[in-house]
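The two complexes that follow have chain A in common; it is paired with chain B in the first and with chain C in the second.
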Partner chain A sequence: MYVILIYDIKTDEKSPRIHRNIFKICKKYLTNVQKSVFEGELSRAEELKLKMELKPFIRKDKDSIVIFKSRSNKWLDKEFWAMEDDKTSNII
Partner chain B sequence: MYVILIYDIKTDEKSPRIHRNIFKICKKYLTNVQKSVFEGELSRAEELKLKMELKPFIRKDKDSIVIFKSRSNKWLDKEFWAMEDDKTSNII
Partner chain C sequence: MKETFYITKSGTLRRKDNNIVFENSDGTEVFLKSEKMDELYLFGEIDLNTRLLNFLSQMGITLNVFNYYGYYSGSYYPRESKVSGYLLVEQVKTQIDLPRRMKIAKEIVCSAARNIYRNLRYYNKREVDLSVAMSEIEYFISKIDEMENINSLMGIEGNIRKIYYDQWTKIIKQDVEFEKRVKRPPDNMVNTLISFLNSMMYTTVLSEIYKTQLNPTVSFLHEPGNKRFSLALDIAEIFKPLIVDRMIFSMLNKKQITKSHFIDKSRGLELTDVGLKILLGEYENRLKKVLKHKGLKREVSYRYLIRLECYKLMKSVIGEKRLRRF
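And now, the complex of A and B:
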């Protein structure tokens, strides 16, 4: 399945460290599109592993992760309306 | 078409005002899912109008907007892995 993952970390004294940890974990599984936006192909097993790795860092009352899942990226087009991050803008 | 819009505004003295303006414009067309994440159904004409309205506020060298487009939301599932924003978590 094709996944778009977006996280939002509440800004406080702990957030820079949390942000770094979450970014590092996501980078192992997905491609970074924008500051806190990742995308890529994930198997069901990889999705569960990613979820388990992220869990210890997410403060349920403060932080948020939203995942959009599609069976394949062929139904997804991607566009940049400003600063282009060319690493991944070639989805058809 | 179904759209997921995510913006990233570079933090500086101007960013709070830019963030407010962009948020207000996006809210006219789409549903807010997470701090700088919007989703919803857009016609081609609405997409162009939204793009034109946002353009004056986006600093090309600093800020970024990425749009994921799908012909319909029936190929998209959405999940929250932490703080749930229940306004829109009912996409099938």
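And now, the complex of A and C:
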């Protein structure tokens, strides 16, 4: 399935460490499109793996992670309203 | 579906944060998705270290390297995890048993020829009349079964290809010169495209073979030689008309690729960076394309179809099921 993952980390003395770790983990599975926005194709197993990896770092009462799922990126119209950049391309 | 990454720029490839990062020569970093990666193609001049290679092995990623001229140089692949002594023994036994080897080789040639025939049938009457070539190919296909040794089989295959290539200028609407297949170095647009895409096909097949227990050096149609994975050549033969040739026809006819994407160098005609990127993007799309598999009754991608072909070959090698043409 095609997912868009966004997160918010509450800023306090512990937040830089959490932010750093979550960013690093997400980057392995998804493309970083904007500061705290990720995008990409994930299988169910990969999604669970990602969730398990993130678990130790998230503070359930303070941080939030939202994941939007779509069956395929065919069902997702993506538009660029300002600068266009193709970060999700696999050809560098 | 795991993903394939292509790097056409030059720079450094490193392991960082348990991930793979590509650092451009101007210092900008691009993170690749290590958990989603399956294959990595390098076309630029790239520095890398053993730490990266260790990481690639750990993640089960195959690294394919192409040289400055866009020719395949080699692959780095993780320590073989899918090994089967039994299958290797059976594979070798089949290879040295001429009647059994011939059976498989014939199926390969026949599949390739049928796919060639299909391509011609598609363009026949659509733009031009190719019926003469089609009937000639049909004649040669009927001869395949009579062949008694590999050389004469290869001869048939050569004849079919010659007839096929002769039709190309009729199929391609763009004004191209393509008289015959020329390699080392390819001298015109079409030859460059064929050479490049064939080597892409070859590496794709090779990576799929690595995912099975087959040994890529023991082949049936081609002589199993040294220093090359000839089984990949065998299987690529079947898929070349299906993926590579069709892709060349449609890209040239739609003018996605034109003369402006090539530069004339002393070593023949070469692709420009823009051309390379267009080609890789299209190739990736083709492999991702799905078709309905009649036997499995579900949709499979072309890439997976290659793997299924490997499984079929395995079955016929251990004598469980006769190899049937695709």
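One rule holds in what follows: the second predicted complex is superposed on the first by the 81 of 92 C-alpha atoms of A that agree within 3 Å, B and C clash if a C-alpha of one lies under 4 Å from a C-alpha of the other, contacts with A are read in each partner's own complex, and residues count from 1 in each chain.
Heads up, the rule we're going with is that contacts are C-beta pairs under 8 Å (C-beta built on N, C-alpha and C of every residue); 3 or more make two chains touch, one makes a residue touch a chain.
Model, not experiment: these values are computed from the prediction.
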Q: Classify the contacts of A:54 with the two partner chains as first (chain B alone), second (chain C alone), both, or neither.
A: first
Q) Now for A:32: first (chain B), second (chain C), both, or neither, which partner does it touch? A) second
Q. Once the shared chain is lined up, is A:41 touching chain B (first), chain C (second), both, or neither of them?
A. second
Q | Comparing the two partners chain B and chain C, which touches a greater set of residues in chain A | A | B
Q: Return first, second, both or neither, reflecting whether A:62 touches chain B, chain C, both chains, or no partner chain.
A: first
Q: Pick out the shared contact residues on chain A: the ones touching chain B in one complex and chain C in the other.
A: none
**Q.** chain A contact footprint on chain C (complex, rising order)
**A.** 1, 3-9, 17-19, 22, 30-31, 33-36, 277, 280-281, 284
Q.
Help me check something: in the complex, which residues belonging to chain A touch chain C?
A. 24, 27-32, 40-43, 46, 49-50, 89-92
Q | For the chain B and chain A complex, residues of the former touching the latter | A | 4, 6, 8, 33-37, 39, 51, 54-55, 58-71, 75-83, 85
